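Take a look at the structures below.
The two complexes that follow have chain A in common; it is paired with chain B in the first and with chain C in the second.
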Partner chain A sequence: MRLEPKPTRPVGILLLYPAAAIAATLVFASLLVLAAGASPFSVFYLVAKGAAGSQFALLETLTRATPLIFTGLAVAVAFRARLWNIGAEAQLYIGAVVTVVLGTGLLPWPSFFLLPVIAFCAMIAGAALLAGPALLKTRFGVDEVVTTLLLNFIVLLFVSMLLEGPLKDPTGLGWPQSQKLIDAARLPRIIQGKRLHYGFVLALISALAIWVVMKKTTLGYEMRAVGHNPEAARFAGIPVNGVLMKTALLSGGLAALAGFSEVSGLKGNLTLDLSPGFGYSGIVVAMLAMLNPLGVVFAAIFVAGIFVGADAMSRSAGVPSYIADVMVATALLTMVTALLFSRYRLRWR
Partner chain B sequence: MDAIEILFTATFWVAAIRIASPLIFATMGELICERAGVLNLGIEGIMTVGAFAGWFTVYSGGDLWTGVVVAALAGASFGLLHATLTVPLGLSQHVVGIGITLLATSLTYFTYRLALPEVTSPPKIEPFAPLPIPGLSQIPILGEALFSQTPLTYLAFGAAALTAWVLYRTPVGLAVRAAGENPAAVEAQGISVTGIRIGAVMVGSALMAVGGAFLTMSAFNSFFFQMINGRGWICIALVVFGSWRPGKALLGAILFAAFDAYQVRLQQLSGGVVPYQIFLMMPYVLSILALVLVARRATYPKALMIPYQKGER
Partner chain C sequence: MTATEPVLRLQNITKRFGPLTANDSITFDLKRGEVIALLGENGAGKTTLMNILFGHYVADEGTVEVFGRPLPPGEPRAALEAGIGMVHQHFTLADNLTVLENIALGTQPLWRPRLDRVAAAARIQAMARDFGLEVHPGATVSALSVGERQRVEILKALYRDARILILDEPTAVLTPSETEALFRTLKLMVAKGLSIIFISHKLAEVMAVSDRVLVLRAGRLSGERETATTDRHELAALMVGQEVAQPTVEAVQPGRPLLELAGVSTARRGSGSALDGVSLTLRAGEITGLAGVSGNGQAALAALIAGTERPTSGSIHIDRHNPADWSPRAALASGIGRIPEDRHAVGSIGDMSVTENVVSERYRSQRFSRYGFLDWGAARRFAEQIITDYDVKCPSPDARIRLLSGGNMQKLILGRVLDSDPKVILANQPTRGLDVGAVAYVHGRLLEARRRGAAILLISEDLEEVLALSDRVVVMSKGRLSAPSARGERSVRELGALMAGHGAEAA
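For the complex of A and B:
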């Protein structure tokens, strides 16, 4: 049994493969729904309705997509250069910590000046957090997968320590939560009275900017070259370690923006449940988007829709909302398999 | 009691060996996968599946050893999925591994919620009881630490010994090691690299799952969310720390567990002056430090993470 490259096919046929991946995911999810004693069709209808069936649902999906766009971009950028950043979760929390430290009255500046300063500092912190594992990788050859994964646990404990110590809200009735941000540090809502905030716009701008960086700049070219074949890149005179460091700074900064946007735009303070695994879902988002920065936006909205829709469905149909996590993970595995078969065929001999 | 005296108490070493047991299972599992050339990042999720499958079998009326077997089988099936995608199809071991962890974890939580919709506190089972070995368990400290544990702990040490013996003393072990170093040489012997790697990942994943099951069936007596808590990732670090050798990895796991048991006791001694989170961070920080220490002289399997295609050079 071996894999053989296929002759090129028209785009229309190539699109069938991702569609087959989605279909396979739905079939698998249907089995689980049947096991839960519900009807797949009514459950999927409820998920779709919960994700996009009303203005409220749609806005909720876009709100949930916002952090996923940031973490998805962070992963897409890193994976493109084959820097395995599995630590977007930690970088997100560090961004959130910086937002709370600077946004609760320390800097008494007007909003138009304060917000960019906070966002920038959050990015620096996230970048610094990933610079550590990247340095260990380039200087000592330590695998960054394990170090970034372990940092997720360390940072979450660090945040827990801050929330029970220096950052604890004295009026919080003992709950481990930070003080509320001052008004000037809050990202405004896009529509009055709705939850969707300007973090979403910032996410769209970031996606566009990253697309430009990846496609139109030398850095983007170098990142792709390093990801494609580090030896060849080095031979071609590309400073591989330098490119990996720049990639790490960019990736960590993007993930930290997710924390900034969630605290400043949505929650208003920091708690330990700020992120229900946005960092890990970002990996799925990036892979579904085939690491394309613009694709990340659509993949993030799709993944967010599944989560928001499943929450709504779970309340009415009684199927555990964890089905959303199962679907997202299945979609990741079926999608990478489908993309392989769009380029290769299996030969049995 | 001061900080040094702790080291000479039997309870400390009993705890250390208990904490080491799940790590030994999972570290051996990961080591087998990696020696065959496959990085298995599904470990965290596979341990979660094992923890749930073993516990749930007993909770539904099965006996404890049936639970261990069910956990192993559940782990092996996720191993088969991982291996199918990464070995014959040669997909990225990083992406597939994370995908397996996400899938295994979410499927476990889904099943848990489905099977036990109404519970607020996790139901308990009667876990493995300690089984002191007559005579040996009477030896002060060492005997108590090693020979008054539950049967699963003895099994963990047995698994480590068996792993070492199979890898270094049998033809199968030679083929596994060669598949991770020089797959073309294995193929030249007429042995299928694909078959060896799939088998290794399945066996390794079964061990990881039993490691997870240790937590619900021996260390604690119920299943709760996020109970693996990064132990899988720590085991990956332990494999590197042990230079991919079962003996060193076993020592690493015990050393690590001793440190973990020590920090808990130190935490009680410190009387709350130092935030408890600092102590909880220690195992993860220690793992990173261990990686940095050995990284320079690590001799990892040459074909680790490199997919093999028959007839290709």
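For the complex of A and C:
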């Protein structure tokens, strides 16, 4: 068997394939649900209900989607230029650290001034964290997959050290957690009394801004050119290393915003369980979105919905919420496969 | 079987790709010990036909018979077992394995713990001796030159007892001397009773190597001639459907020097020679042809002028101005237009659109961007203008440039380069792999730029092309340049001696 490129790609087909991918995901997940001794239909119903079945569920999904939009954008931007940033997790935590350092009383400014300053400084820190691996890549050819991945562990241990030492909350009964942010450093809630905060709005604005950058600006053009063919880009006079550096700064900054948004909008302080792997899930989100910044928003909501829905489902159906991990992973695989088949046809013989 | 009985018979082969008919009812025989040349422009259907024969594609209609037996369609393995060997235009070798391993790959069962290297090496060396295909079996493929890799490909086919050998554009990647060696090998093979199908669009080679010529045009067999009874003009006419005019180069008085290199050396990179104290002056209205055997520093000189390579010593002046820093952007800014050697890997970004590709060198200019925002409307109009002006056949400016044929891609690159009226034009292998019509077009455009007053450096491995177009010729050998000779001053034999590195004096 082999793959032949399809001469044309009608729009209908492009929509049909993702639908088929989701169907395949559900079929595969059904097998596992059956193995767990539950009815697939009721489980899927409960997942859907838990993700979007009520105002509470929907807001919870959007809250969970917020950091995923940031990390998804960070990964999408970097991967577009073939800068393999696997370190969004580390950049997220650095953003969170900066938020805590600046937001616990160090800067006694009013909210409208303090929040942008904190967000900006968090971005600078995240950008600086990815600038290192990018510099090593462009100067010495060090593989950024390795450096960014390993930085995740280094940064997590660093944060752990901070939470046991200088950033430890003296009133925290010995728990490794930071002090609470002052009120001026908190992102307000969108609806009073609900968890959804203005970090979500910031995420939507970021997605739109990144879309504009990629589509309409010379920088976006340079990033795509470098990603598709660095040699041709260099020949055409595009400063490849400089573009990779700018990409790294943008990507690191976006991932750091996830940390800022989670601490300032949701948690109010920093703990080691701030992110259940948002940095890694960002890769899934970016891939599901085919690296399209607006697609990232939908992919993030989809992935968040499955996680939130599966949590709710597991409480009532008794099926472990790990099914969410399986579904997200399967969705990624089937989506990638579907993408392949929307471009190529399989020929037996 | 008798000598006259065909070893291969194709009947009414038809293959369609959507609305395109790539092969239209093609019928021919191949006899034992015969070399057939399959001649045609790019896109005429030569490669499709051979892919059907080798089982990569399944024909919509028609049959293939090998040694009197029908060949099951769509099975490369059946084709291999029937004794058909194919040497592709793009090699299919594993770079990190040795010659021996590449040749033996797939011929032995996988569960055999190790292959019998001694026996295999002996067999390879015997074949290499018989057919003049010297190559060391223990060498790693990545260390071999292009010519040597091709020999490995041929040995691979012979090792599998191929009786019919298909060579797809084998000379496209070879130097003139390597080409001659290949032709000697083919003669030896034919003497041993092998049959050969030689795919090409170069008339001179077809005349030199074949017994019979089949000409394809737009998927149809437009003519079949005994090589002895035809000539190049007739074949060219069959190929393109009309007589091809040789370029006429009218005399132009050369003007002021536009590019001056003085004692330029570069750092060594890769396998080719670096520049070693090269001095060269390109004048307005003059085409300087650079001849030489591949790997003698042409790549370094091209990279230097294109801006991708910095000189380690010596100076560059463009129109008497010495740029402070040297980079592709500096080269473009000083008015150098660059036609790169490899239009797929360097000249274009395959997955980006035609529009995005035509602005790649000028997207930062006032014309196409403002405050960091691109003006896609202007870019698209520019693409449309080039498509019209340069007669590029492409579905739309939004099509990915990958989908364009080699000739159309080259026209697009030509448009990108020439539209800004560059002072200096670097044309590196501008017609490699192009069909006759596209070659004439590229030549015409270069001559037009020359009339306009551009200084052109034409680098080509096709000596005929260099001699036909150039006002003066320089020869490069081991990173050094010969003194220039005016048109017709040195004979081909003298140039050949310079190319081989005899008597090359730094100019």
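Quick note on the criterion: the second predicted complex is superposed on the first by the 344 of 349 C-alpha atoms of A that agree within 3 Å, B and C clash if a C-alpha of one lies under 4 Å from a C-alpha of the other, contacts with A are read in each partner's own complex, and residues count from 1 in each chain.
Assume a contact is a pair of C-beta atoms (placed from the backbone, for glycine too) under 8 Å apart; a residue touches a chain by one contact, two chains touch by 3 or more.
Just so you know, these numbers come straight off a predicted model, no measurement behind them.
Asks: After the match on chain A, would you call chain B and chain C a fit or a clash?
Replies: After superposition on chain A, chain B vs chain C: clash.
Asks: With the two structures laid over each other on chain A, which partner does A:52 touch: chain B (first), chain C (second), both, or neither?
Replies: So A:52 meets neither chain B nor chain C here.
Asks: Check the residue A:135 against both partner chains and state whether it touches chain B (first), chain C (second), both, or neither.
Replies: After superposing on A, A:135 lies clear of both chain B and chain C.
Asks: Let me test your reading of the model: by the given contact rule, A:217 touches which partner, first (chain B), second (chain C), both or neither?
Replies: second
Asks: Looking at A:229, would you say it contacts chain B, chain C, both, or neither? Reply first, second, both or neither.
Replies: Only chain C is touched by A:229; chain B is not.
Asks: For A:182, select first, second, both or neither according to whether it touches chain B, chain C, the two together, or no partner.
Replies: neither
Asks: Per the contact definition in the header, classify A:238: touching chain B only (first), chain C only (second), both, or neither.
Replies: In the superposition, A:238 contacts chain C only.
Asks: If you stack the two complexes on chain A, which partner ends up touching A:337: first (chain B), second (chain C), both, or neither?
Replies: It touches chain B, and chain C stays clear.
Asks: Going by the contact rule stated at the top, is it chain B or chain C that touches a larger number of residues on chain A?
Replies: More residues of chain A are touched by B.
Asks: In the superposed model, identify the part of chain C that clashes with chain B, out of 2-10, 38-46 or 92-100.
Replies: 92-100
Asks: Using the touch definition from the top, list the residues of chain C that touch chain A in their complex.
Replies: 17-18, 58, 74-75, 306-308, 327-329, 331-332, 338, 340, 345-352, 356, 360-361, 363-364, 369, 372-374, 376
Asks: For chain B, which residues count as touching chain A in their complex?
Replies: Counting only chain B, the residues touching chain A are 41, 81, 85, 88-92, 94-96, 98-100, 102-103, 105-107, 109-110, 113-114, 117, 194, 229-230, 233-234, 236-237, 240, 275, 277-278, 280-281, 284-285, 287-288, 291-292, 295-296, 298, 309-311.
Asks: Which bits of chain A are touching chain C when the two form their complex?
Replies: 7-8, 216-219, 221, 224-225, 228-229, 231-239, 349
Asks: In their shared complex, at which residues does chain A touch chain B?
Replies: On the chain A side, the touching residues are 1-3, 32, 35-36, 84, 86, 136, 140-143, 145-147, 149-154, 157-158, 160-161, 164-165, 280, 283-284, 287, 318, 320, 322-323, 325-326, 328-330, 332-333, 336-337, 340.
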